[in-house]
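Quick one: the structure is below, and I'll ask about it shortly.
By written order: A, B, C and D. Residues from 1 in each chain.
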Amino acid sequence: MGILVDSSTRVIVQGITGREGAFHTKLMLDYGTKIVAGTSPGKRGMYVHGVPVYNTIEEAIREQGSIDASIVFVPARFAPDAVYEAVDSGLKTVVVITEGIPLHDELKFINYARKKGVVIVGPNTPGLLTVGECKLGIMPGHVFKRGSIGLVSRSGTLTYEIARELGKQGFGVSTVVGLGGDPVTGLDFIDVYDMFLRDQGTEAVVLVGEIGGDAEERFALYYRGLSVRKPVVAYIAGRTAPPGKRMGHAGAIISMGIGDYSSKRRTLEESGIIVADTPSQIPSLLGSLLR
Amino acid sequence: MKLYEYEAKNIAKQYGVPVPRGRVAFTPLEARQVASEVGGEVVVKAQVLVGGRGLAGGVKFASSPEEAVEVASRLLSSEIRGVKVSAVLVEEKICISRELYLSLTIDRAARKPVFLVSEMGGVEIEDLARRYPGKIKRIYIDPEVGYTSYMARIALTALNLPWSLIGDLDSLLKSMYRIMVEHDAELVEFNPLVLTCDGRVVAVDAKIIVDDNSLQRHPELQKLHGREYLDFERRAKELGFSYVELDGDIGVISNGAGLTMATMDSILYYGGRPANFLDIGGGATRDRVKEAVKLMLQHPRSRVLLVNIFGGITRCDEVALGIVDALGEVGGLKPIIVRMLGTNEEEGRRILREHNIDSYVEMDEAVKAAVEASRRG
Amino acid sequence: MGILVDSSTRVIVQGITGREGAFHTKLMLDYGTKIVAGTSPGKRGMYVHGVPVYNTIEEAIREQGSIDASIVFVPARFAPDAVYEAVDSGLKTVVVITEGIPLHDELKFINYARKKGVVIVGPNTPGLLTVGECKLGIMPGHVFKRGSIGLVSRSGTLTYEIARELGKQGFGVSTVVGLGGDPVTGLDFIDVYDMFLRDQGTEAVVLVGEIGGDAEERFALYYRGLSVRKPVVAYIAGRTAPPGKRMGHAGAIISMGIGDYSSKRRTLEESGIIVADTPSQIPSLLGSLLR
Amino acid sequence: MKLYEYEAKNIAKQYGVPVPRGRVAFTPLEARQVASEVGGEVVVKAQVLVGGRGLAGGVKFASSPEEAVEVASRLLSSEIRGVKVSAVLVEEKICISRELYLSLTIDRAARKPVFLVSEMGGVEIEDLARRYPGKIKRIYIDPEVGYTSYMARIALTALNLPWSLIGDLDSLLKSMYRIMVEHDAELVEFNPLVLTCDGRVVAVDAKIIVDDNSLQRHPELQKLHGREYLDFERRAKELGFSYVELDGDIGVISNGAGLTMATMDSILYYGGRPANFLDIGGGATRDRVKEAVKLMLQHPRSRVLLVNIFGGITRCDEVALGIVDALGEVGGLKPIIVRMLGTNEEEGRRILREHNIDSYVEMDEAVKAAVEASRRG
C-alpha cells in the first residue's frame, strides 16, 4: 500500500558516484529500495555499494531490464539533462533531489514531463518514501512508522519532526511525499491528495505547507468541491515570516501579496480543514478526526 | 533578487521597450545635469527596493534643473520605509492619458509564465487583485513554445487599446518574454504602463526580479546580489547561511527551512518573538555550527539563543561540538537553549552536559524554555 | 457518420478576410458547414458572408459560444501563430490549408498539438469533408457522393479524381481526409485508418499515397498486425518519379534511399493490400473486395 | 536545396565542427595555391550535387601542388554522372583509423529530428540501412526541448568511441542541431565522420540539405536556390511552376502534384514515357496556363503534349483560353491532347472545339490517346 512507489519499484540513481549519490544509495539500499543501477557519465563498469554503474540509462535498461523510477543527485547545472534522459528513457517517476536549479529550466522540464505523463517529484525535495517498502529520497527512514496517514509536505526536516510526533501518538505513515521547496514543482498538494484518495492504505492526510505561492489555497478550494474525501489536518510554517524575504526555500516567499500565512490558514479553515498551531498538535487533531 | 527601477529600465530599453527619457543620479549635481539634458518638467524618483514608494513621498516633480537639485538633495538625504536613498532616477514627465498594468510572472499552479494584463494600472497588483479581480486578464505562455503573437491581440483587447498599437504591443510583449528568459527573471512588471496623451505606450515604472538560483549564469547580476541585505543578513549570507532578520529577541538556529520557520512560529505561539531565521542546512559540520552559533551569540538584539536540530544527515555530536567551540571562542554572551534529537543524539547530549548546557528532546519544551529565558533575560 | 467532423461541428475560419479565406468560407457555408465565426487581426466587427469577424478566437468564443474546429488560411509566416492560438484556445481539430510553412515550425506546432491531444490536419492539405455534413477544406464538395468508403490521401486533385471514379461506379464516401503534402503532417495513414475502423459509417478505405517518406510502408506494417480490419485499396502516385527531385509537394521526394514507389507497393502488397495501377482501377478492385 | 560539400563544410567550421584544412578551388591554379597552403598530401574532390561521386572517380589524391594542378584540371574538365564539375575542394589528406556515420535528419513518423549514428561509416546510408539495419542507432530530439547532452553519451556508446572524446562529441552533436535549426536544414550529414590516427574526430565529408519552404528567411541561401536545376527546369521554376525534367517524350501539364504524378504514371502504364512533371497549381488563370503550354510546346524532347485538368478551383474555361492563347503565340509545334472536367467544363470544351482541339472527359482515354500520338509523332 501507499502511493507512487512500492517494494517492486525498480530504481536507478542518476549521479550515483557523487558524494551525496553514493551516500544515499547506501541508505536507500539499507531501507530495502530495489536499486538496480546507477548512472555517472564515464564511470561505466564501476560498482557503488554493489550497484552497477552505466554511462546512460539506456545501457542500464539494456543490461538490467526495465526501470520504473529514478532519483537524481546530479548538480544543478546538469540536472535538467538528467531529467530529460530519464523522461526520454521511458521512466515513470523521477525524483529530483537537486537544489538550486534555475527556475526557467525547471519550468521547461516539468512541462515536458507532465505532457508525457511522467511524474516529477521535486526539484529540491527530500524525496518520497512508502513505509517499509521503498525509499526514494534522503529522509531518515526510521522516523516514519508504518501506518495509514498520508504525509505530503513542502519541507524536509519539519516533515521528519511531524512524522516523529505522529509516531509518538501511535500514528504511522503510508507514504510521505516531499513536494520540494522551489516555486514550481512537479507535483502539488492536489495531485498527491488525489493519489492518497485512491490508496486503500491511506485513511487520512497530513498536509505540511509553508508560506509562498498559493498551493495551499488551491488545495483548500479543490477539497471544498470534493464529494468523497479523506480527513486532512494541515500545518503551515511561516506565520512569523515578513513579506518579500526568501525563507530558505526559493518557493517560500510572500511576493506580490500572494503567499502569506493568514490567507492560507483562512482558506483551509473555510474549507473545513483543521490547521494546527504547532507540529505537536497534529496527532491529537488527527485523533479527534479519526475517532 | 530585485533590480532597481533604473536598472530594470536600462534592461527594458536595450530590448526596445519605450521608457521615459532620463537616467539615474547619485548626487544632486548629477540630478541637475540629467534634468537639463532631459529639459522641461521632470520627475525625480527615489531608487529603493521597498514597495509603496509613492505614498512614502519618494516621487517628486521639478519644473527646472534648479528645482531638480533641490528635490534630489532632499530625497538623497531621506529614508523610505527605513531604507536610505542613495540614488534617484530623473526622467521626463510623461503626459498620461490612461494608466495600465502589464506584467509577466510565473504562475506556480499552471507551472507557466503568465502575462497579467489590466486596464486599471498604477495601483499595486495586490490591491488590483483585491479590488478588481475580474479586471485582470491572464495570458499563459507554454515554456516549450514561448511567446507567440496572438497573445498581443488578446492583451490589446484586455487593455482596451486602439488597434493601431498592435505592432507596438506585440514588440513589447515579445521583449518582456525575452527579458524574462534571457535574464532568468521571475517577474517583469511595467506598472503603470501608460497610454500617453499623444497615443504612445510607455513604461513609466519597471520592476524586474531575477531568480536567485540562476545568478551564477548572469555574472553581471551576481555581483549585485546581496546589496539589499541589512548588515547582519550580509554577514550570515557571506558565511553561507540562509538568513532573514526579524524584529524579536529570541535568536533561532535550526536545520531546514520548514523546521526553522516552525521554530519561529512556535516561539510566537508560546508568547515570544523570534529575532531571525537562520537555517544551517542539511549535514552541517562542527565548524559550520560553530560559525552559526558565534554569529547569533553576537547578534545585538537577541537575548537568548534557541538551537533546534532534527538530526538526520545532520549529526547531533557535530552540533554539540560546534556549540561548545563557539562558546569557547566568544564566550557565553547569552543563554543557549538546545533541542536536538536523531543521529548521534546521546553523544551530543553528553558533550553538552559536560559543558553544562541544557538540552531538550521535545521541541515545544525547548521553545517554552527559550520564551521564558527571554522574559527573564 | 464519418470521422473528425459532422453536421454539429462548430467552426471558426482563421484568416477569414483574406482572398482564399473569404472565397472558401462561402463554399463551406454553401456546403452546410456550421461556421460560427472568423478571425482576422484588426478586422473585428466586420462580416464575411454573414460570418462575424473577431480579432481573437477567445473573443469569438466569448460572443459566439464554444468552437470545436478551425480552418487556417493565414499566410505561411503567420500560420504557426494561428495554430498556437487555436490549440491554446481549446479547439479540438485544426485544419491547416496553408502551404509553404517552414518544416521546423511545423515540427514544433505539430508536436505541441499532439502532446495536448489536438488534431492537426495538414499543413498543406485540401482539408477534410464528411459527406453531406461538414466541409472543412477547399475541395469541390459535389465530387464526393455520400457512401461508406473512407478516403485518406496525401494529394488534392488526385483525390477528387478518385472520388469521381468511385462515384461513377456507385461508391460514395463517408469522410475524406487530406493528410497534407509536407514531409511532416499532423495525421498519418495509421491515425486516420484507426478512426475509420471505429466509424460505423465506413465499410472500406481507399488510401492514396505518393512517393516520399515511409508513411505507406508504416501503414502496411501496422495493418499486417491488426486483428480487426476493414478492406483497403491503395493507389500510390509517383512510379515514374526520379530520386532526389521534389515532385511538387515538399514531402514527395525520394531521399536517402527512402520513399520510392516499389518499396511502398511491395510492402503494401505483402500486407495483403491491393494496389491499383491507375485511379480508374480503384472502383472495380474495391468492388471485388466488398462483394 | 542541397549545398555543395565545401559550403556545408564552411558552415560546419563556423559552428566549431572539426573538418580537414583546405578550401574550394574553381581553377587548377587555385587548386595549386590551396595545395601548397595545406602542404603534404592532399585530396581533390569534385564538387557536384549528385551522389556516388567516389565510385564515379570524383575523388583523387595528389602528393604535391603540381600533382594537385594536374588532378584538378582533369576533374574540372570532366562530368560526374552527367553533371559538369565546376569546382573542386582541396584538403589535407586525413590519416583515418575508423570511418563512422553521423547525421541529423527529420523522422517523419516520429515528427522529430533524429540523429542516425553508426560505427559503420563511409558507405551511403541507403546501403548501411540495407546491410546493417541493426547497426544504426536512432536518437530522437523533441523539437520543443532541443538537444540535450545525454544524447552524446548514447551516441558515444553507439560509435564505440573512447570516453575521452565525450566533450568533443557533445559539442559536435550540439553544433549539428544548431546548424539544423539556424539554417532550417532537413539533413546535416557527416559521412564519414572519422576517428583519426591521432585520436581526433573529424568530418571528412559533409552534406546539408535546406528546407525549401524556409529559404525566404535565409537570403544568403535563397540566392543559391535553383542552381542545381537543368536549363529547362530553371525556366519553368522562374515562371513559378513546380517542374521536374524526365527522359520521355510525352509532355505533361496537370494541376496538383498527385494528379500530375498519376498522369505520368498512367502514361507509363499505357506504354508511353513522360517527358516531365509540370504542376500549374490550384486556380491557375488563363495567363498562367498560356505560359505553361508555351513552355511545353517549346520543350525539345517531347513530341506530344498532354494537359490533364481536374477543375475545382481551376476553371476549365480559363484553361481552354490559355491553351488557345499559347497556340496563337507559338503555333501548334506538336499535338495537344486535353482532358478536362469540373468547373465550367462545358464552356472550356466549347472553346477548344472552336479551335479544333480534341478534349476528353476520362483521364485514361486522354492518356491512351497521348501515348498513341507519341508513337505516331
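Here, a residue touches a chain if its C-beta (ideal position, glycine included) is under 8 Å from a C-beta of that chain, and two chains touch if they have at least 3 such contacts.
Please read these numbers as outputs of a predicted model, since none were measured by experiment.
S.K.: Out of curiosity, which chains are bumping into both chain B and chain C?
M.R.: Output, common partners of chain B and chain C: A, D.
S.K.: Could you pull out the chain whose C-alpha mean position is farthest off from that of chain C?
M.R.: Comparing chain centres, B lies farthest from chain C.
S.K.: Give the chain pair, either C-D or A-D, that is connected by more C-beta contacts.
M.R.: When the contacts at A-D and C-D are counted, C-D has more.
S.K.: With centres defined as the mean C-alpha position, give me the chain A-chain D separation in Å.
M.R.: One centre to the other, that is 53 Å.
S.K.: Provide the C-alpha centroid distance between chain A and chain C, rounded to the nearest whole angstrom.
M.R.: Computed value for the inter-centroid distance: 45 Å.
S.K.: Distance between chain C and chain D based on Cα centroids, please, to the nearest Å.
M.R.: 27
S.K.: Hey, how far is the Cα centre of chain B from the one of chain D, in Å?
M.R.: Taking the mean C-alpha position of each chain, the two centres sit 58 Å apart.
S.K.: List, in ascending order, every residue of chain A touching at least 2 other chains.
M.R.: 108, 112, 115
S.K.: Which positions in chain B are in touch with at least two other chains?
M.R.: Those would be 142, 144-145.
S.K.: Just say which it is for the chain contacts: an open line, a closed ring, a star, complete, or other.
M.R.: Looks like everything touches everything, fully connected.
S.K.: Taking the complex as given, what residues does chain C use to touch chain A?
M.R.: Interface residues on the chain C side: 115-116.
S.K.: What residues of chain A sit close enough to touch chain D in their complex?
M.R.: Residues in contact with chain D: 41-42, 44, 55-59, 78, 80-82, 84-85, 88, 108, 112.
S.K.: Tell me, which parts of chain B touch chain C in their complex?
M.R.: 140, 142, 144-145, 148-150, 153-154, 156-157, 163, 166
S.K.: Which residues of chain A touch chain B in the complex?
M.R.: Touch residues, chain A against chain B: 76, 100-104, 107-108, 110-112, 114-115, 138-140, 143, 153-161, 164, 181-184, 188, 208, 210-211, 213-215, 218, 235, 237-242, 244-252, 255-258, 277-280.
S.K.: Which stretch or stretches of chain D touch chain C in the complex?
M.R.: Per the touch definition, chain D meets chain C at residues 50-51, 105-106, 108-109, 111-113, 124-127, 129-130, 142-144, 180-181, 184, 186-187, 209, 211-214, 217, 242, 244, 246, 254-262, 264-269, 274, 277, 279, 282, 310-313, 341-343, 362-364.
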